[in-house]
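First the structure, then my questions, so here it is.
Going in written order, the chains are labelled A, B, C and D, and every chain counts its residues from 1.
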């Protein structure tokens, strides 16, 4: 990649927890150059985003004018990319604006409705431009899910345990539910019963998600975000486990998305589509 | 122990799965001698119990006359011990009969009511004889529970996961419930909430046992009997796990009970009391 | 499969631990029929192999005449299969003999040299017949290895821990070495160092297998056969674990091989080729 | 504790990673008051240590004059405590100075020689003052080690796996070596061999620490600091695991030490002595 000009990158939501991680990752990527940092937090306007991210001055000030920055980005010789970790209330407009300026959006912000996604897909089609919507940037989680899909072709029995910190209010986790859905799409009904089960205390056997797959949610301080998918058959257990210990684990997925979007001509949903 | 005469041992329920394990263990213990094998299964009467247990001929035939065998055992110079893995319907009588003959009972059979246990305790007291009732012979499980009690003095947050084969009908397991009870006896209320939790699918967060301790029960072929006790605090997780992979793991507890009962003068309940 | 006639199966080494498991599995498979049981153990000649396997009388006596049984199998309308779990010293001849009789060999016996395998491949080619050599019948282990190959494309860092009972004399296990080889074939060098490591006690960091992948071998009573492949990257761990708790776990692989060999016309090595 | 006056605390090495955690913990402890923050880093002199620690202004400026701050602390009505996370080159003097001023030292800095520790013990004895030297402030690690000591009385077989980030240069970890020492002090020789082992690749079986206990050291990015102590016996595995995911896990041990030192009259080494 050294012979090519670097990819210009704009980060929207640059001052948030994920945004600051993206700033560091882009600053350290040799094939990218940080062009702009957008954030609506009034306290950090004008500050050097590199200093805020703890990776030294980058001479890129935080600004709150998405139009101005996208206009600047659209002047670059190489197609620019906007990484967006902002808010559900602004993400739809952000994506339309970026596409209008010919800047390609990599979206980590959640909260788009299926209808909004469809509209953005149509919009991207008309513009023949790539647009990536990625609910989970962890390559490790995608690998675990894909390995589970392979395993589910041979195993009849599977349960999921997800373990998170006790600040997480909802259970089960979105990733666990999605994992059960992915296995359910194989068209099998898992866990045929061999005895009539009874719960002596209600809830012991967890909740039942798609296709009769049980999910158990543990909440304890000390955990961050962890998931186990456990397949069982007579005489064997096959277990897949992913531990997230730090937001930095999402950055390989973000950088991959920035590189891959340049070759896309339409909206693509999910990191697994570009691995 | 070589200078002492070996402990005479009678096994009641000798032809069952646990009984056969006990036969092997006693046959291999240098400080014990197998005196008799009782079983009511008509198909194996008169057969050499050593052959049935797969440890070679022991010249001890299976018999169904508990009185005759206990009478014989009572003639031994060294006090004899009866290990009982039979049935709830006979265990109370078995224990009384053994004590009447001066043979000390080590009971692995479950199903005695609290009142029956009290009566047997009174009976043993009058006879000034030891009697051991052991619902779980696994030293490993006891060690795990004792370690959990120590940990629970310093941790506020704990959950339990137990994993068993999918032939097990009830959930949660007796050991998991008992573990929660043991922690509950410390007088703490565990797992003070830090957010208002909500289950998107009912049962996700497991069941709530004593003192607000959650238990999650996994049932999959490939598992045998496993339990995790997980303590969490900011920045750390402390996990205790016990895996039973084979009935042989109960034998050190059985042999320990046989040796310890000779020094007892009353009924004792639970392996933890004699460790 | 109900409309087709069942596959006739001969088991060579029927009286061994794996052979008896295969007998049970074939007896329970609705699309197979057990035709013969070969074993050279003089003590069990003529006995009903079903009784020995603990699955009830099958009216198939143990015999030691491989030629006679293969001749009989070759008369079946449906092509017959011979499953072989015998000895390194006889396996080469067993395979040639089976092919000569038109019976298709599924080989679980290890110990064939690369040259012998090549010769058998040529022999099978000339006969246009399928021949399966399967060093590991565990579908779970193959799935774990295939998942590891996928993960290794995205992770730079990986180590392997294998845990076995303390009767296992050699370390590391064949499966662990083979796993490292499979990852090594990707052409990456794993685990680029970030510091200069030093062992305060020699051996702490395990052994170094193919492509700089470390293997750690634990040997403890209580374990059977277990392996973990652990991938690490900043902020995340992705772990694959397989536990073998019983020989029965190999049977789905054996039955799959019996079914798949009927469609093959040459020698195939490794269960992964027919998944 | 509300009726008592709070414990005055001085933090030496306040600007370091551990120091800043201690600042936060003391600031949040209702029975303590932060009196002074000492650090020799010229860049942060005079800054509010609360701001640096991210817990809001505490009106305690960083200073580099240990004598002045200890003199101030010695004027408090309630006995003051100095928590020291500094450097091996200054720790000996720091402790002597604190004791001279009547301030009680809680030492997390490592690097004191056995002779220095003896001298400080004599010094503390003469002053009839408490002094705590704590190489590991993790209560969870201590609990794990104490549970292991209990288990080691009943199990003959044990191995240790420790897993750290790949920035850690030395192996095995100090905690793993210390754990083996603690088990070794029981006077047993662990892991009697049942077969003659051979390493096909050197190092596979890990390193041999005290009393024949094997340690395996894994180094991968994504890990922080983790240890497993695995006990095995026929038919069972008993595993203890501690995960450190954040420095905050040491704070309960630091606060406990601050509270306990007020009741001591001599030097005490190790957190386990005051649990």
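Note that contacts are C-beta pairs under 8 Å (C-beta built on N, C-alpha and C of every residue); 3 or more make two chains touch, one makes a residue touch a chain.
Remember, it's a predicted structure, so these values are computed and weren't measured experimentally.
S.K.: If you fit chain B onto chain D using only Cα atoms, how far does it have to rotate, to the nearest 5°?
M.R.: 180
S.K.: Do the two copies chain A and chain C share over half of their interface residue numbers, or under half; same or different?
M.R.: Same residues, largely: of all residue numbers at this interface, over half are found in both copies.
S.K.: Compared with chain D, which chain's mean CA position is the farthest off?
M.R.: Result for the farthest chain: C.
S.K.: Go ahead and note the Å separation of the Cα centroids belonging to chain A and chain C.
M.R.: Between these chains, centre-to-centre, one finds 39 Å.
S.K.: If you average the Cα atoms of chain A and of chain B to get two centres, how far apart are those centres in Å?
M.R.: Those two chain centres are 49 Å apart.
S.K.: Using the touch rule from the top of the page, what residues of chain D touch 2 or more other chains?
M.R.: 222-223, 231, 233-237, 243, 245, 249
S.K.: Per the contact definition, I'd like the list of chain B residues that touch chain A in the complex.
M.R.: Result: residues 157-159, 161, 166-172, 177, 191, 193-209, 214-223, 230-237 of chain B touch chain A.
S.K.: Give every residue of chain C touching chain A within the complex, in rising order.
M.R.: 138-140, 143-144, 146-147, 150-151, 154-155, 231, 233-252, 275
S.K.: Using the touch definition up top, name the residues of chain B that touch chain C in the complex.
M.R.: 222-224, 243, 245, 249
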